[in-house]
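We just call them A, B and C in the order they show up, numbering each chain from 1.
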Amino acid sequence: MFDISFENAKLFKDCVDAIVNLINEGEFEISSEGITLRAMDPSQIAMVDFKMPKKACSSYKVEGDVKIGVNFEDLSRVMGRARPEESLNLKLKDSRLEMTFKGKFTRRFNLPLLDIGGTVPKEPKIEFDANIKLNASVLKDSLKDASLVSSHVVLSIDKNSFVIEATGDRGDVLIETKKEETVVIAHECTNNAKAMFPLEYLNDILKGADSSTVITLYLKTDAPLKVEYPVGQAEIVYYLAPRIENV
Amino acid sequence: MFDISFENAKLFKDCVDAIVNLINEGEFEISSEGITLRAMDPSQIAMVDFKMPKKACSSYKVEGDVKIGVNFEDLSRVMGRARPEESLNLKLKDSRLEMTFKGKFTRRFNLPLLDIGGTVPKEPKIEFDANIKLNASVLKDSLKDASLVSSHVVLSIDKNSFVIEATGDRGDVLIETKKEETVVIAHECTNNAKAMFPLEYLNDILKGADSSTVITLYLKTDAPLKVEYPVGQAEIVYYLAPRIENV
Amino acid sequence: MFDISFENAKLFKDCVDAIVNLINEGEFEISSEGITLRAMDPSQIAMVDFKMPKKACSSYKVEGDVKIGVNFEDLSRVMGRARPEESLNLKLKDSRLEMTFKGKFTRRFNLPLLDIGGTVPKEPKIEFDANIKLNASVLKDSLKDASLVSSHVVLSIDKNSFVIEATGDRGDVLIETKKEETVVIAHECTNNAKAMFPLEYLNDILKGADSSTVITLYLKTDAPLKVEYPVGQAEIVYYLAPRIENV
């Protein structure tokens, strides 16, 4: 049993948006602490790790731990109908998720739940060698530059700079951001790190971040990339497998 | 013979827009009273009844009653070229409709007329049991909510509320607007009324209404719905057949 | 060898945009005077003649004359990534065009060059009979009017007016702009002139002109049309073959 309300439905909408870009189906775990979800994307290349603390909700009643399996496309479509200033209440009712929006009048959606089962993927344990903090807009724009010539980018961080590179038949692109430049919010590097990632996944991962969101990238040579950003009072973390070129 | 002018071409444009969403071809009847048109949509599920009084025109000269058959898509495309602050003159010339826009310079379009013939459909005589007045934006938004789960909606009015419901495999939606809520401009009910209608037609009917337009819905159980709204100084009425489920 | 900089990358972007609408591949000639390009569109119906004087560049170093063959779609895609307030540097490096954008940080693109060869088309020598100057927005809008009924327009200039006409199955359009009307910036006519042109090419030719750009049209009966407009401190001229109807 649960009965959870958000004063502004937009917070939950933003969270769902940040998940749906990678995940088709997944299970929210609702406990006395808050709402979490960990799931792999269908191709098993990326993982989402989502955590919303109880305090992000305006009212939060849960009895026991509850798991609800949802189709994220359907959930996202419903959340897309949230209007400014509307509140949202979530309840379990007759094995369905009852979502009630209240603003100028009352709108109620009932979503069928999915029986997902299976085990929740584990969080990868990686000791990263470098990380950088940037506004999402800077990163998104650079990835668009790279997409002119390739479907993959090489990210690298050394003591002095963060570099995004792409190479293809139509030319090559190199974007260098020096540690001291104003767009860099933080830059740490214990060892040089460099790895290649698919652009499509990076774009999906960043889609849920609006332009002023601060993104943290954690890098280690030929290891998964960790991307982390806040969504209101919730937090979303993605892991993305590197492409390792055979020699 | 006729020679009719509109100080602002936009008024006639808005009328054409409200008609073209349902009707491919139709006949304007131009008499000493004004301009009217009554026509069924091609699938015979909906009817348009349009009336523009003579006083909506800045100059209005007609000799005898004239009928002009038009292709509404072509007419709508021409009217879509109207610019802000332009005037419009309509004339019959060599069996064509001559449309002259005047603003910074003069633009003249000649449209071939259609030979439509046939009889004009009669206005249905229905004693409705309930009606409600709402802004178009409220209604349009609620229909978008419903379209998440179905292609049909059930509309119902009772003493206290107006309800829009939709049900489908992906869940169900219920939007309740209580009589006393501020979005309700008027609410009358002599008998409870409830009927099901296709969303696609409802959307087409409302397309010509901008968000602040006041819509009146007239409802009677399992009878056609009547939708009425003003377009400037003209008035447009639609009738839409209900879907009656077999038992 | 060359090393050319633009204080604002947008100037070069606008030039590339005005060329790419007609030309797939072409050769920039870079001399001590400036940058030029003359090329036919793939169907040989239109010609572009582009001239950018040295003084439009913030720094300009060239040794000898250099020709660089470029794929305009690829170049246009790179220029599309220019951001407001960024500077641009162009260099030849390892038989590639190195393009460096500098703003908040540095972005470098390398474009492969094409081996184009062939002879540069000659500039047509035509003594035009009439010309008119108008804002691009007026002309673009009138061509949209004409496109409702045909894929071709007849342009004509006489002592008093400039007329655009189009005729088709769905009606006809006539747009008359009198010499004294305020939208006419200049109007000269030694002999009446009239010719027919394909709308698609006219639209492509005007695509690079923003709405306040002053366009000059030079007309002579059944001869190519000349269209001329400035792009910043550069100048672009197009010639478009007329359609001469067989009798």
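Everything below uses one rule, namely that contacts are C-beta pairs under 8 Å (C-beta built on N, C-alpha and C of every residue); 3 or more make two chains touch, one makes a residue touch a chain.
Everything numeric in this text was worked out from a predicted model, so none of it was measured.
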Superposition rotation for chain B onto chain C, Cα-based, multiple of 5°: 120
Same-site or different-site touching of chain A by its copy chain C, using the half cut: different
Intercentroid distance (Cα basis), chain C paired with chain A, Å: 45
Residue list for chain C, restricted to those that touch at least two other chains: none
Complex contacts: residues of chain B adjacent to chain A: 138, 141-142, 144-145, 148-149, 169-178, 181-183
Chain A-touching residues of chain C, taken from the complex the two chains share: 71, 74, 77-78, 81, 83, 96, 104-112
